[in-house]
Amino acid sequence: MDDVEQAIQAKIHREDRIRERLLEETLRGTLLIDTQGERVGQVNGLSVMQLADFSFGHPTRITARVRLGKGEVIDIEREVELGGPIHSKGVLILSGFLGARYAADQPLSLAASLVFEQSYGAVEGDSASSAELYALLSALAGLPIQQSLAVTGSVNQHGEVQAIGGVNEKIEGFFDLCRARGNLDGQGVLIPASNVRHLMLRNDVVDSVQKGQFNVYPVESIDQGIEILTGVAAGERDASGKFPEGSVNQRVEARLIQLAEKRLAAAQKAGPEIAS
Amino acid sequence: MDDVEQAIQAKIHREDRIRERLLEETLRGTLLIDTQGERVGQVNGLSVMQLADFSFGHPTRITARVRLGKGEVIDIEREVELGGPIHSKGVLILSGFLGARYAADQPLSLAASLVFEQSYGAVEGDSASSAELYALLSALAGLPIQQSLAVTGSVNQHGEVQAIGGVNEKIEGFFDLCRARGNLDGQGVLIPASNVRHLMLRNDVVDSVQKGQFNVYPVESIDQGIEILTGVAAGERDASGKFPEGSVNQRVEARLIQLAEKRLAAAQKAGPEIAS
Amino acid sequence: MDDVEQAIQAKIHREDRIRERLLEETLRGTLLIDTQGERVGQVNGLSVMQLADFSFGHPTRITARVRLGKGEVIDIEREVELGGPIHSKGVLILSGFLGARYAADQPLSLAASLVFEQSYGAVEGDSASSAELYALLSALAGLPIQQSLAVTGSVNQHGEVQAIGGVNEKIEGFFDLCRARGNLDGQGVLIPASNVRHLMLRNDVVDSVQKGQFNVYPVESIDQGIEILTGVAAGERDASGKFPEGSVNQRVEARLIQLAEKRLAAAQKAGPEIAS
Amino acid sequence: MDDVEQAIQAKIHREDRIRERLLEETLRGTLLIDTQGERVGQVNGLSVMQLADFSFGHPTRITARVRLGKGEVIDIEREVELGGPIHSKGVLILSGFLGARYAADQPLSLAASLVFEQSYGAVEGDSASSAELYALLSALAGLPIQQSLAVTGSVNQHGEVQAIGGVNEKIEGFFDLCRARGNLDGQGVLIPASNVRHLMLRNDVVDSVQKGQFNVYPVESIDQGIEILTGVAAGERDASGKFPEGSVNQRVEARLIQLAEKRLAAAQKAGPEIAS
Amino acid sequence: MDDVEQAIQAKIHREDRIRERLLEETLRGTLLIDTQGERVGQVNGLSVMQLADFSFGHPTRITARVRLGKGEVIDIEREVELGGPIHSKGVLILSGFLGARYAADQPLSLAASLVFEQSYGAVEGDSASSAELYALLSALAGLPIQQSLAVTGSVNQHGEVQAIGGVNEKIEGFFDLCRARGNLDGQGVLIPASNVRHLMLRNDVVDSVQKGQFNVYPVESIDQGIEILTGVAAGERDASGKFPEGSVNQRVEARLIQLAEKRLAAAQKAGPEIAS
Amino acid sequence: MDDVEQAIQAKIHREDRIRERLLEETLRGTLLIDTQGERVGQVNGLSVMQLADFSFGHPTRITARVRLGKGEVIDIEREVELGGPIHSKGVLILSGFLGARYAADQPLSLAASLVFEQSYGAVEGDSASSAELYALLSALAGLPIQQSLAVTGSVNQHGEVQAIGGVNEKIEGFFDLCRARGNLDGQGVLIPASNVRHLMLRNDVVDSVQKGQFNVYPVESIDQGIEILTGVAAGERDASGKFPEGSVNQRVEARLIQLAEKRLAAAQKAGPEIAS
């Protein structure tokens, strides 16, 4: 092995240390990532970290909280100028979808906040926009999301899930965390259906998938994704325009109508401005 | 062939690769562009990509979503500072047209959002402003737009369609996508009438047009364009100031009045602020 | 002819080509400028284009649209940061005049938008502020403006028309367009009275004016100008404070009162916020 | 006379040309400055223009317009970023004075706009803040200001007039304009009383003052100044807190109360938001 | 005396000239600083001017004006970007104290403006925040502040007075002005109690203090300070939560309640928005 | 000892002087830090100061004040642009938690302000976000916080306390202040549970902890922390969704409901806008 090769090996080793460090801090609880159980308004998003000659995926906790408000979906990363334009565009797109799909003829009466928890740097790209939307739907529907799953994919104004980059690194990043915690059964990731042709996973991941342990779910729409994450049917509008009782979409719409009515009730007592 | 010529050929080849790559990604579904069927609030806009010594056209999906609101037309590209001033000017102009043409004596009560889907860079120029307006009218009227067609042209405050640049590249870009998908019959593009004299299309496009397959529609006004895209008459105000029942314009106005009334109804119950 | 002289001639020739090009594009309809007929909310403004050693005038279409709103006059050039400070100052001044002159004791209830159509670069100077005000008055009064005329001049908060620069180039620019379209009879321009002493027009323009074809109208006030542009008397308040029935000013005030009342009516039904 | 001296003379001559040019343009009506008659909402402010080794004063027309609104005093120079911080501070201070002195227990219901007419560059300093306040009081009281007078001086939140710089150049600038128009009788300037000790006027100005033609009025407060400019007593609150009938202050307060009541009346009909 | 020493002496002399100049301009009334009498909404703040090798203190007039409004405390220096972040922080802190201490369960209904009068440069530091709060309390309570006193010290959200820098220069600056005006009896300054250990005053100041002429008042809280400045007891809430009748705090709270009620009264007549 | 070593020692000594200076100023009362007693709306946060080769911890007083308002939590550091993006993100996250956890179906009706008192530089990092939330909860509940304790740790939108950096320096910084004041009994710090494994405290601190004097409390949630700081149970919602009477959470919720009702009451009298 000559000097150049040694130098390259050393460099890869140093960079790989960063990946290991992040994994280690997650295992020790410095970075909080659940991979078991379920939680309302919380989802595992998948990011790619790009070093000089090396990139790897790791999960980020995305949370959403909802309360009575004037219809604003607050993207906290953008508020503090940590979110790049594509990230911000993604959040505006998911807001366009949310606002127009549910109770579009009612005053939008929620105040929602979206956060990448324990993320301390700039956030760019729209590959987490579907994850953010799932967290928001979960918070609105009051339905918990399986923490054994992680999500990547962008979403457009019609609720279609679109392709993203780095799909293999992202899957492997979550796989490594789950394996390090000693469990692969029932763990998995949701990826855009249009990314399937980009799949070139490591052999250990492929083996685990083939054994029926780790799962890769290709999804084409938000409805497909939210069903996998919550285990509850998304629901389509029937002839009368109603979502089936108990479906995710029915619950989301019901909550938005309830918030509008609570706002109406407060306003009826006292006046409109009070209702926000 | 000497060295210089070879170098030039190689360069063109490299740049042409980018065009092919974009086309390929669209064919594979990484970039979502429909060229068949119909869709509410969605239109194929035409862009020109400019490389060093080479330019080509390719379609972009433009979507519009509408809900009850306070009259704002949100240009998402501008919100995240990806839209240049001319792009933003175009959206403000179409808003001026929309607001003053329909139900101008009623409080404007929509919240609309306009997006260039899967567009990750800066957007400049007003050549998509008519396409954005068509998407918005479609969303308001609830009338689907033929996805077999694509659109270019800017619009002024009186609804006239104005000339744009790169008309040939744009037409050829959409033609190439349609052909690659194996169908040219019934496909086509809407261009500003004042661009007709700039037409210098490739022979294959000219042949297809002459065979009655691919169509080039010169339009002078938004009314002309929306008729071609939806197959429904635009409609002119009669002596009493009303648009004909079932026409695009009647539906748009009716929806805007309905939104204003829904807002009024919510406000009547509870107070004004609640209605947005 | 020596070399230097030749170089100068060549340069002038090149720059003159730009002037010819703009004229040509206008004649072909790429740039939309009407020089016949009449139109509501549309006026020909006059700009000067300054090249290195050469300047010339050309007309710009300025449009205004009006609807029910909260009293805002939106200067679209400023909104997208294409308008320089003096341009923006001009629009604020005309708004100050408009708001204080008509129905000053009523809530201002219009939403107006002003645009330089097909203008793709920065706009500076206040020499179009009177033209913008005419377009706005026309849109409010519902009275069409003669497109055979073009306008230059700034306006102050008391409605006086003030001197501007480049008066000769501006007049000649419009003259050249009208002549190229084969008609000079009844064509003309409105200039500030205080610019008369700066007139040094080309012989062909002077000849045409002397023959009673092309007209140069010096104006001192907005009232004088709007009469020439619409053919309708501006009207002065009588002892009871009312403008004469049918006058421009009476129509503008009536429309502003009507908008305020429409807003009141909507508000009465539902609440105040709804009325905007 | 040696070369250096010649060069200095030439330079002064060139710079003095600018002064002459401004004066000439004012005399010819390119720059509109009234030095006779009276006008509501219009006052002559005094500026100093600073060249390299030379400075001179010249008057600027300051206008104020007032309508029903939500209490905003719009400083148009600041809106378009032509006003420096000290200028803007001056306008905010005069607004603080206005709002707290008159009808302080009523909702402030005016919309006022202040402009330096035909001023095309940056504006800095607070030496015009008293002039701006006079224009505003005149517009509110409906009392005309003598255009034979010009004003300099800043104002604090308690209505005291404060010292400014360049008092001699400012006085001489207005003197020269008046003399060039052939009249000095009854012409004059208002200066801060604390600037009297800085007076070192040219002999011709001193002579004219001594002959009782041109007047220099030192003022300590806004009340003193507005009396000189309008010829109407400012008025002090009596024991019951009322200003004397017909006084400037009574008229200003009455107009502010009237605007608040008009706003109340519109709001009573329809709702609050409508009232602005 | 060698050359270096001479140069140093000359420099100090030049810089001391600036101090003398400021003092002189104050004595002549160019800079308005009262050191006798009493005034509502006006207090002498103390600043330090820092030259290269030399610093000195001088007083600044701080004024506050109050009217009916929506609860905003406008820091005019910040509005025009002359106030640095620490200055602005100080004003926000005093607003937090004011809003939470008095009538915290009522809608805050004042509009207050704070100014450093005749201050033409950037303002930084929070050493005037207690002075600004005193001016505001005086304006609200309608109680005059003794102009024979001057103030330094910052304030926290609980109304405690905190240490500042340059305490000696500040005291000496006010001392010098008072002496130059020929009176020291009853003159004095309020300083933070925690600055007492930093006192190293000039002999003449110490002598005057010892003779009982000039006073240095160490204060720990806003309550202590306002008592010294107004001669009226600050007042503490009794068991029923009320401040003693006639105390400063009772008057401030009463005025805030009165403003809220006036706003309520206007709103009752007409609607809420009207009330601001 | 050679020269290099001497230089290093000297440097450390100089930097250590800064630490000593800060400590000294705190002991002398220039910097106000309570380490005894209890106070509503005030908590000791822990910061790390980073010098070139040296870092140390020191406490900062964080205060919160609350009044009736429209739901805004004002981060004063951010308002004046002294707060970095991570700091600001932390405050937005705690606001998201507060708004969604308590009375989420009521209009949020507080106005709260958060300050780092006597902090004169930029503030970055989210390690104080749990401390800020404790101060806010204390102000809302009206329950005092033990000043004998200090706090570090960030908080997420679900109220979990997350790991921070510099845990040892922070603990030692507070330990040193307490010891210098002569008391360690009952003093202590709250740290994130996930930071326990980073503990490597100085021997004197370890000794004191082992003797049962100084305490280190690892906490996982805001509920745990607020119990330690106030000595009052946090309280969990029972089956009917109510917090136990007298618990911190019940008091916070009750206060938020009371504020909403006070706002409603004012609005009922007069209109909505008035209520803020």
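Here the chain labels run A, B, C, D, E and F in written order, and each chain numbers its own residues starting at 1.
Methods note: contacts are C-beta pairs under 8 Å (C-beta built on N, C-alpha and C of every residue); 3 or more make two chains touch, one makes a residue touch a chain.
This is a predicted model, so every value here is computed, not measured.
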For this session: Using the contact definition stated above, find the chains touching both subunit A and subunit C.
Result: B
Exercise. Which whole number of Å gives the spacing of the CA centres of subunit B and subunit C?
Worked result: 30
Exercise. Approximately how many whole Å separate the CA-defined centres of subunit A and subunit D?
Worked result: 61
Problem set entry | Centre distance in Å when subunit B and subunit F are each reduced to the mean of their C-alpha atoms | 53
Exercise. Which positions in subunit B touch two or more other chains at once?
Worked result: 263, 267, 271-273, 275-276
Exercise. Line, ring, star, complete or other: which describes how these chains touch one another?
Worked result: ring
Exercise. In which sequence are the chains arranged about the ring, given a start at subunit D and a first step to subunit E?
Worked result: D, E, F, A, B, C
For this session: Please name which positions on subunit B make contact with subunit C in the complex.
Result: 70-71, 85-86, 88-89, 92-93, 95-97, 99-100, 104-109, 126, 154, 156-158, 160, 162-163, 193-195, 197, 260, 263-265, 267-268, 271-273, 275-276
Exercise. Given the complex with subunit F, which residues does subunit A contribute to the contact?
Worked result: 28-32, 39, 41-42, 61, 63-69, 74, 76-77, 79-82, 111, 113, 115, 117-118, 120, 258-259, 262-263, 266-267, 269-276
